[in-house]
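What follows is subunit A paired twice: with subunit B in the first complex and subunit C in the second.
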Partner chain A sequence: MILQMGWRNIWRNKRRTAVILVAVIIGVWAMIFMGALMRGIADQMVKNSIATLTGHIQLQDAAFRNDPVIEHFLKAPDKLAPVLGRLPADARWTQRIRVNAVAANARHSDGVVLAGIDPGREAKISFIGDAVYQGRYLGEDDLNGIIVGRALLEKFETRLGHKLVLMSQGADGEIASRAFRIVGVFRAELQSTEKQFVFVTLPAAQQMLKTGDEVSEIAILLGNYRDAAAVANSIRAGITDQTVTVYTWQQLLPLVSSIMKMYDGFILVWFIVVFIAMGFGLVNTILMAVFERVREFGLLRSLGMKPRLVVAEVLAESFFLLAIGTLVGNLLGLASVWLLSGSGIDLSAFAQGMEFAGMSRIIIPVVYVRDVVSADLTVFLLGLLISLYPAVKAARFTPVEAMAHT
Partner chain B sequence: MLSMVNFILHTWFFSGVSFAFYFILHTCLYAEHKMNIVECRDVKKVYHQGHLAVTALDGITLAIEQGGFVALAGPSGSGKTTLLNIIGGLDRADEGSVTLDGNALGEMSEAMLAELRLRKVGFVFQSFNLIPVLSAVENVEFGMLLQGVPAAERRQRAWAMLDDVGLAGLYHRRPSELSGGQQQRVAVARAIVSDPAIVLADEPTANLDSATGKGLLELMLRMNETKKATFIFSTHDKMVMDFARRLVMLRDGKVVEDTRK
Partner chain C sequence: MRLKNLGLVVFLVLLLPVVPDARAAGGTPDAAALVKEAIDYYRGAASTAKVVMTIHRPDWERTMTIEAWTKGTRDSLFFIVAPAKDKGNGTLKKGREMWTYNPKVNRVIKLPPSMMSQAWMGSDFSNNDLAKSDSIIDDYQHTVETVTESDGHKVYVIRSVPKPAAPVVWGMQRLYLRDDRILLREDFFDEDRQLVKTMTGSDIRMLGGKLFPRIWRMQKAEVTDEYTQLEYRELKFLPDLPDRLFTITSLKNRGR
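Entry: the complex of A and B
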């Protein structure tokens, strides 16, 4: 009957109940929806970084990471074939060369990253597979073709079919240079990517640099990024060659993984801010409801109801408000996420600024169950906790005083 | 010997689970002494309002016998409400002693007083008697719920009680859907349904017209006769005093007249 009383009591002042319900609903919605947006931003950032020639796991020469020069290429990549053969079925891998180079044409020259790729395999791992929007992708044994980014094309004031010369240090220590013909132009999430990378085939890069069959890295993309650490460990166990080092994406992208952790903090702070705003409203509403009914609490106490039960009755009211509020808030939050899950929110208008932070132009909100659960628990448990204040106040009225109250 | 038993009983009492048991045994023990239901000895109560001390009760000595139908009368401010509150364990005397059904109220903690009110006292107030969000039958059930009476028995007794006070068919009305007289009847039903030692009614008819008030008093008198419930009620109203079988007049916190009819 205590629950029944609580339930009926909240509907005595419908308008007040409606107001506080709306506050709780907006609060929970804001927690879930904004949380999902932040997760979306972070996830997209990770995805971009991983797709930009990183992958989930990389095998490199031990010295390459600190000093990415041609001397520190993987010496005999073919020896690693057995290990790669034992990868999970949904994993894909590719070999590539990645070195700093200078690109030049008649009018301009600038530093770029020369990526020598296995066109077929790379397409399934990196963004480049579906990023070419003008011209064509690289053929398997294309020794002359090069793909450049849209931004680079504009900067170099050149176009499809024109020549671009690449220069870099060769394996022999001499400057190696080679002329390529632009066969395709790619687009990327970030302008910096469009300016940074130029793609040629792996054989073309190896010929130019005179490195034989050496590559700078082997990149692996897994079905699920969460498996990276486990798979990396099993690869390490399978490799005897001490010069080969296995990195997970967290190690390859330390900045990104620390930003991911920072987002946990952002979301927590956001939850707390929303909760504080909502909590004040809740306590205020319940205090109002309590002080309107002083005589009633006096009556309950006169009849021999224990203060504990009075506390329980007031908490029941808050329980129902919070339960309805979180339920509807969750539904609305998840519905808004679902509505945006197709198209996302287009931030291209702000892209210049956003790009600086490594964000995408389009944010697709992502729901983390952990966030939803902690939002609900925060609202629910903390909500009940702070409702103790008005509840205890209600239980403290002494019968005689309360009954005399007008 | 008795004090020994009393001591053991008090120890029991503090164990927390044996409230009901305590009351039953206590009542049995004192029953052979032919105790009065209520005994007030030299009860004093002073209210302090700032520097002003208002003596509400100034040495009340009064015994109410089992089965009595007693009116407390007197002008406004004479201390009727204060006395009823002290007898019912809602308030405490500053001096003197009050026993209710053998329990010395002055020695009891707040929690014990609440338990005593729940099991031994039925209250009917002047107004605002009922819990607005509960229906008539739920209001009658409320005390039994707190006492832990099983749901089916609770409901059955509450319905029978409402029938008895003439409210058959109005079980599911909320207080706001009942007239003043009907509300007071529900209050009487609630006060009496769990067979309390005493029913205390503070000006139960003050908000009713005289015909309705008369009806309520007739009901109370019938309950007094059929259920052997002891009633103490306060009033200014001559008509109400005429119903009483004993009339206690108060003035300035003192008993000035005590007549039995």
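Entry: the complex of A and C
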């Protein structure tokens, strides 16, 4: 009966109810939609970083991370084969060389990261597998081919088939240089990636640097990134060699993992801000509804209604407002996320600014169930909690006061 | 008859050292040999020199005096002696590696690969131009394009194309060699055969006991008012210089 009274009461002033419903709906929608956008940005960042020659787990020489020079390459990568053989069935791995080098042609020269890759294996792990849009991908025994990014190609004013000379420090401490022919051009999510990386085959890099069969890292991509820590532990258990260190992507990408945490904080703050704005509106509305019905509440009390029930009645009104608001807000939020899930929000116009933060050109919002649940709970529980204030006020009216009230 | 034959043989033997010198024979000479000769002539066995380097830009110009020691194509040592601000800055080159010394911090720095293609002391010469000076002999295939005349000398225009796997950035070089082994001009082309920069030698006169272009100028192709000019003030060719001159210790001690 209380619920029925509450339901009927809120529709006594239709316009006021509609206004506060709109406020709740917009609030909930903003929470869900903006939350999904932030998650989308963060997710994309993680995906990009993992696909940009990181992988979920990496095996490196213990000293390589602090001092990534040729002396700190993995000494005997073949010895790790048994460990890699025991990986989960859906995991893939590859070995690669990654060193800083200088690329030069007749007119330009610039620092790049030289990546010596195993073309077949790398294609299944990194972005490079399907990023080549001009020319061709590297063949298995391509000793002179090199793949460069579109931005680098433009910067160097060169084109397919032209020569690029790479220089770096060789294993013997001398300058190692080698001429490559551009066989392919790749496109990447970030321009900085296009400028940064050049790809050659692993044997070509090893010959150039005179490193024998040494590599700088072994990267592993798992079926599910959440397993990274567990798999890394089992790899650690299987390695006796103290010079080999196993890193998970969270350790390899400290910036990205801390940005992820920062986004968690952002989303919470965002929820609270939206809720505070919405909460004041809600309390105000209910308070108004209570004060214009002083005589009514006095009547109910004099008819013998217990104060507890008066509180319950006012809370019921607020419950309906919040319930309808969150429901419609959720539906709207999910609908707008769904609408954008295909194409995303194209921010190419601001690409350079976005790149600074390592973000993609296109944001595709991602809904985390945990965000939706916490948004709804925040609105609902806190909403009811603050409605207690007008409700208690309503319960305190005595019949005498109500009669005196005009 | 026998004696006559012997005389002819002796005559031929005497002639032999001269015949391989293709210029005397008048046929088309071997381009690779011409280039090697020119580089050897220009480098000598060893040399000491005092050079004034002028870096000219549209809005500024600066001049420094450099003392240089070279030995063959592999070793060289340079020091700035003037202006006082830069005095003592040195560069040591051994083979294809280079070190620089800065007296202000009293440090020798080995030039990493990343700096090899940067300008040497702000000039139009790159560190690579110095470090890989023997590259023109080893990394290129030379052919004589045309032979022209200039000031009563034959000038061989030689087209030098890098060997397929050679780690050089140029698509082609064109050398202008005078028949007395003097390098008059070196053009650097990119892979589209567009001219990138040109080095020219001029004011050929007796220097250090042989004819030598006193002024060298390196100029980028697209700009007219930017160049770097080397002007030899003193040049001496020596039979040899001690190896200990071309060491890091010597680089440090001389700069101090």
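Basically, the second predicted complex is superposed on the first by the 405 of 406 C-alpha atoms of A that agree within 3 Å, B and C clash if a C-alpha of one lies under 4 Å from a C-alpha of the other, contacts with A are read in each partner's own complex, and residues count from 1 in each chain.
One rule holds in what follows: a residue touches a chain if its C-beta (ideal position, glycine included) is under 8 Å from a C-beta of that chain, and two chains touch if they have at least 3 such contacts.
Because the structure is predicted, anything quoted here is derived from the model rather than measured.
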Applying the document's definition of touch, where does A:M403 land relative to subunit B and subunit C: first, second, both, or neither?
first
With both complexes superposed on chain A, which partner does A:N105 reach: first (subunit B), second (subunit C), both or neither?
second
Touching A:M1, do we find subunit B (first), subunit C (second), both, or neither?
first
Please indicate which partner A:K306 is in contact with in the superposed arrangement: first for subunit B, second for subunit C, both, or neither.
first
Dominant contact partner of subunit A by residue count, subunit C or subunit B
C
If you stack the two complexes on chain A, which partner ends up touching A:R178: first (subunit B), second (subunit C), both, or neither?
second
Which positions of subunit A sit in both the subunit B and the subunit C interface?
none
Over in the complex, which subunit C residues touch subunit A? Could you list them?
96-97, 112-114, 116-118, 162, 165-171, 188-191, 196
Quick check: in the complex, which residue numbers of subunit A touch subunit B?
1, 5, 8-9, 12, 295-296, 299-306, 309, 399-400, 403
Given the complex with subunit C, which residues does subunit A contribute to the contact?
100-102, 104-107, 109, 111, 144, 158, 162-163, 165-169, 174-179
In their shared complex, at which residues does subunit B touch subunit A?
85, 88, 90-91, 111, 114-119, 121, 123, 125, 128-129, 131-134, 138, 141-143, 145-146
